[in-house]
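Take a look at these structures.
Shared chain: chain A. Partners: chain B in the first complex, chain C in the second.
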Partner chain A sequence: MPVTDNSAGKTGAATGRTRASHRLALLTADNASVPLPASVQAITAILLAVLLIALPWLGLGYRFLSIAITTLYTAIGLYGLGLQFGQAGIMSVGHAALMGVGAYASAILSVQLGLGFWTSLPFAMALSAIVGGVIGLPTLRVGGQHYIIITFCFCALFVIVLTNGGTFTGSATGLDVGSVTPLPGINFDKLSNNYYLVLAALFLALAATYLIGISRYGRTLRAIRENEQLARSVGINVDLHKLGVLMVSGLFAGLAGVLQLYYLRHISPTLFGAFPSLYLALMVMLGGARYLYGPLIGAVIVNFLPEVLNLDPVDSRIAYGICLLLVILLLPGGVGAGIKNVYCALTGGSGTQTQGGGSNGRA
Partner chain B sequence: MRQLGLGLAVAAAGFAMALQTARADEELPIGVIAAQSGSFVSAGNTIVGAANLAAQQINDAGGIKVGDKTYKIKLYIRDNRTDVNVTIAAARELVNDIGVKAIWGTETHDFSVSMAKITGPAKVLQFSGNSSLGAVLDDKAVADDGWLHYAFQSEPQEWQRSGSTAKGVLSLLTPQLKSPPKHSVVFVGNDATGQYLSSHYVKALEAEGQKVDLVQYPPDTTDFSPLLTRIKGMKPDIVHFWYNGDSTLTAFPQALKLGVAPSYFLFGVDPGIYQERSLKADVPVTLSCVPVCWGSSPYPEVKQYFEKYFGLGAAKGPQSSVSLLYYDYFFWYAKALEKVGKLDDPDAVVAELLKSDYKGVVSPVPLVFNKHHQVTFATEVCMVEPNTSDQFKCAVEQPPAAPPPGDNGG
Partner chain C sequence: MAALEVRGLRKQFGGVVALNGIDLDIDTDRVVGIVGPNGSGKTTLFNVVTGVHPATGGTVLWQGQDITNIGAHRIARKRLVRTFQQAMSFPGLTVGENVRIAWEQGRRGGGRWASPGTILDFVGLAPLGRAIAGSLPFGSLRRLGLAVALGVSPELLLLDEPGAGLNDSEAQAFAAVIAQLPPQGIGVCLIDHDMDMMADLCDRLVVLDFGTKIAEGPPAEVLADPKVREVYLGPDKKAPAS
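Showing the complex of A and B:
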């Protein structure tokens, strides 16, 4: 007669449950500050770079490449939002308007003064940075949800000004520009060249984000994010750093806006209204604002999901809503966190340590 | 053995001939980019409906004979999801991946302009039914090396449409009012199309002797009562619900409830929709269709067209008649291709379109493109008898000969 050890079975089941909950904790933790080995970081960066560079050669077609360009310039804008939200903890729901400042500045300089892409780019980026700083001034007095409302109001106001700006802003009809001024031997009318232009800008944005993340400046921003009063008490000039990161975010947004302008070659106010802004906020939350590749992941999900699943706009919004709920419930750090957690779980690394890691831990 | 070889040779020749016959009908790839989902779906679906009907009719009639070959239209329909980025991606795909010879669409000014920057360099013809393209179609843009050389505006210039509409509305309403109307309020959505259209319509009304006030509402407005109350205070003789028809259907019942004016004009609301929705007003109401009404058309050709159009499963909507801005141009393009005799000479096709005319469904007068690649045809305006939903009196108004004072055309 077989002997059954119930207590062992119970213990086994309990152990199984513990393991399962431990695995779940591993997969859902926000471990942005847990450092990955340098070799893993390097291999990830190289693989991603190779994939992105090789994309036009994979024969995926012009439609795919067009959406890839949209994804990349959106991601550049998101890196700015990622810095201010992920590093400094300042969320904006008017970021598309900041991209619009760059786009419109470049378009107006083109229409009024005949400046091309390269010459108008620094002015447009600078103006976006200044506007980002000006909108950020209220954050010195108010924070959190107040700033979110301010950015939303700015977005609405920006669209109203553009729509009623007469021939200067092109009103609701918008403005047209020509092609990107060619460089010797490189004609940007060719879609693959346009892709590489935007990709180069993305690499710059990625590099800048990485360098800020590992710098003392990045650590200071994270200190402000975690406890503003404490940061102030140890002598950090919180106001200056907040304005600084908003201006850096504006620079990214300006760059993205100009790239968007010269990709579409026609802009109108609706591109920079409340809805596109909310989509940007959604993307950065989906991807993970604290992760180096989070904004890129968010942009890829939102731009390619309707393509891959053939979703219409209504279905897409439902899908985004469900994704956002799942991310909030299961992956507070975004999909970027999930990917890192999967890696940690597979390699047996610690994925549950959420804070206090090295500053180069942004995966 | 020799006989077997001969038999095989005959069989092979027969097979080759059969293959040749099968290949005689080649495909003419034509793209359609339209909003089949998203906020412009009601207009976008009409483009697809018109394209399907036209392609089916041309193919059923034997196709298009170009040189010594016969081509059947193969439509590549792409949903732009009312998103400019998807529109651009779709245009790239159609032009570069598929290699279409022409594209029909889109329903939106911004999207059409961005699309033209792809179709132009690729020498792909583009037919877009946006009157607001008039703002960019000028001598330089349509020149041989211009960026809009291959683009055609399949809707009349806005000053023409506005002129014929204003004339039609006033001629129908004046006998219904106690005294001739003098004060009009134009109520319009404040977006690209609304701004462009109203800038011409206001001048057209002024040219007819009206004092005009313009009131704009933000796009996506659903509660119009504050603005309508303001308009009521202006004491207008006529409130013109100008672009767009979908918003008008929301705003008009609110205006009736508030008793805003002694008469109304609803732009882009078909009598068929007015009847289907059982709308009723105790004051005279005029309606206009873009370009002719499916609910009450004076032309038998138009009635037949809509029977076939709806017969293919197209939905009856406020903007169903917009399909007529796209339908005729398939036949005209086919005619031009046959005349040119070559498929790969878009410049010759453009030249042929510019020098030819085409008697289509949309107009009893043959369609002609002007030097800026724009057509001209009349507008149908109808009046609903007060307290009825189905009693219409319709008139077809020809466009004025010249833009009104202060309107620079376009």
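Showing the complex of A and C:
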């Protein structure tokens, strides 16, 4: 239907809406492509960094710090998933398996060749990236839910291979490794030092995600997410970039997997199966894959929710299910979108800019 | 030698012959119009030339190079760019980002635009740079489609029904923008059904019917051709001579 180039009709419709539904729309809108002012971004980053660095000194206890480490290495894996899903639009529900590739590669290098954390890390990350690209080959032919099923199959297959790998993979029992090779003056057997190691990696993942997001590469990925055919017609090599982003995602997953391995010191196939993979998908959707802090928020919610509400594993699964439903219904952009919208509403600016610039959102 | 040379181009979808040996020469210093009834193969011609669909037979030469079936993104990088009938954009991104994406691709090897902003100015979208593309009214979306294609710094632009869905004043404004392109070294080849606009805008018309070219020449001549009149108005039933 032809629509005239005239915003008068739109404004009329907007005033017709009830105030409540307008507020709800403000909260639920997806505003990932509207940047916040640089000062706000900088203050958020500094506050978050200070909080995360100060965490071990807040006296919250051994258990809290353990969960924090789990949260952070999970978040590193999620930043890869956030990149492929949030930026390029390729979802995976087998991402834990990709972390498992990194973890097992590092563990096998340690058991078979005696390589330590630092030397095995690049190999493990590279292998995860390559496997990520290979699992990505079907994306050249199928997309959306079809590809999701393929990632799920990979995940199931990976667990079967690990469980039947004999002494090489440690079968169902898994593999053990020593502790992280100490750096001069830093012994990673101490929990807080292990926390800082994982935190440093998280900062790297955050910085990489931020830089990709504002770069030409990030825009290329978003173009592919938004309209593959148009992306091709402006000269973007869509196939290459799809495989590329899955390999970059694999790098993050490999890093997360190795950190997980050296924190737990023992890995087994069940850590990288269907449930952990689904949790990763849940976390990235809860937090908001398109937002810089979305994956971190998702990891914090899912890892700390059972602790805060004192839930057993079965109850926590029910809680996660409810959270996911709430997010899908109320916050399609994730909690990250909600926080950004609330901030924009409080400061009087409009989070979502529709036609006509900022004035529309203030009505 | 013309910039774009299409030789014996064929496209079959199963048993349906969409293009049946098309020959076409298009230069980059003028506006060429492609007309024909629905289903005559106009859009298919664009799709095959720009690599969206593979050709069944024949060749497409662009600046002397064979570009048949080399892939849509490679053809775009050679500055042969097209728009789509359905007014496409990257809907979740801002207008500015839409154009910037194309501009960054076109900048490889030297583009013609200093910044994405100059393209927005050219098509008259500058005030909407921060708007989300998916929220644009249809007329602006058409302009955005053109801006994105221009961003790639094309030497020849294939426009698939740029006026479809626009009202008269919008279509006229759009035609005015298109008319500015050939003097800047951007050749235009467009498909449209608005015969008045096409007659005004085009230096040459090509008429397709059932996947073959049935007429080609200056608009006035082509539109007077009895074969073309038959295709558009049906077989001549001894129309009153008045």
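Going forward, the second predicted complex is superposed on the first by the 335 of 363 C-alpha atoms of A that agree within 3 Å, B and C clash if a C-alpha of one lies under 4 Å from a C-alpha of the other, contacts with A are read in each partner's own complex, and residues count from 1 in each chain.
In the analysis below, contacts are C-beta pairs under 8 Å (C-beta built on N, C-alpha and C of every residue); 3 or more make two chains touch, one makes a residue touch a chain.
Not measured: the values here are computed from a predicted model.
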TODO: Examine A:Thr347 and indicate which partner it touches, taking first as chain B and second as chain C; both and neither are also allowed.
DONE: neither
- [ ] For A:Ile236, decide between first (touching chain B), second (touching chain C), both and neither.
- [x] second
- [ ] For A:Thr163, decide between first (touching chain B), second (touching chain C), both and neither.
- [x] first
TODO: Could you say whether A:Thr270 touches chain B, chain C, both of them, or neither, answering first, second, both or neither?
DONE: first
- [ ] In the overlay, answer first, second, both or neither for which of chain B and chain C A:Thr181 touches.
- [x] neither
Task: Partner chain in contact with A:Leu191 - chain B first, chain C second, else both or neither - done: first
- [ ] Mind working out whether A:Gln112 is in touch with chain B, chain C, both or neither, as first, second, both or neither?
- [x] neither
Open item on the list: Contact-wise, after the overlay, does A:Arg63 reach chain B, chain C, both or neither (first, second, both, neither)?
Closed with: first
TODO: Please indicate which partner A:Ala223 is in contact with in the superposed arrangement: first for chain B, second for chain C, both, or neither.
DONE: second
- [ ] Would you mind writing out the residues of chain A in touch with chain C in their complex?
- [x] 1-7, 10, 30, 32-34, 216, 219-220, 222-223, 225-227, 229-238, 352-357
Open item on the list: Considering only the defined contacts, which chain C positions touch chain A in the complex?
Closed with: 50, 52, 71-74, 76-77, 81-82, 84, 88-94, 97, 100-102, 104-106, 108, 127-128, 130-132, 135-140, 148-149, 151-152, 165-167, 170
- [ ] Enumerate the contact residues on chain B facing chain A in the complex.
- [x] 36-39, 79, 81-86, 88-90, 92-93, 95-97, 109-110, 113-114, 117, 121, 132, 135-136, 190-196
Task: Complex interface listing, chain A residues touching chain B - done: 61-67, 70, 163-164, 171-174, 176, 189, 191, 263-266, 268, 270-271, 303, 306, 312-314, 316
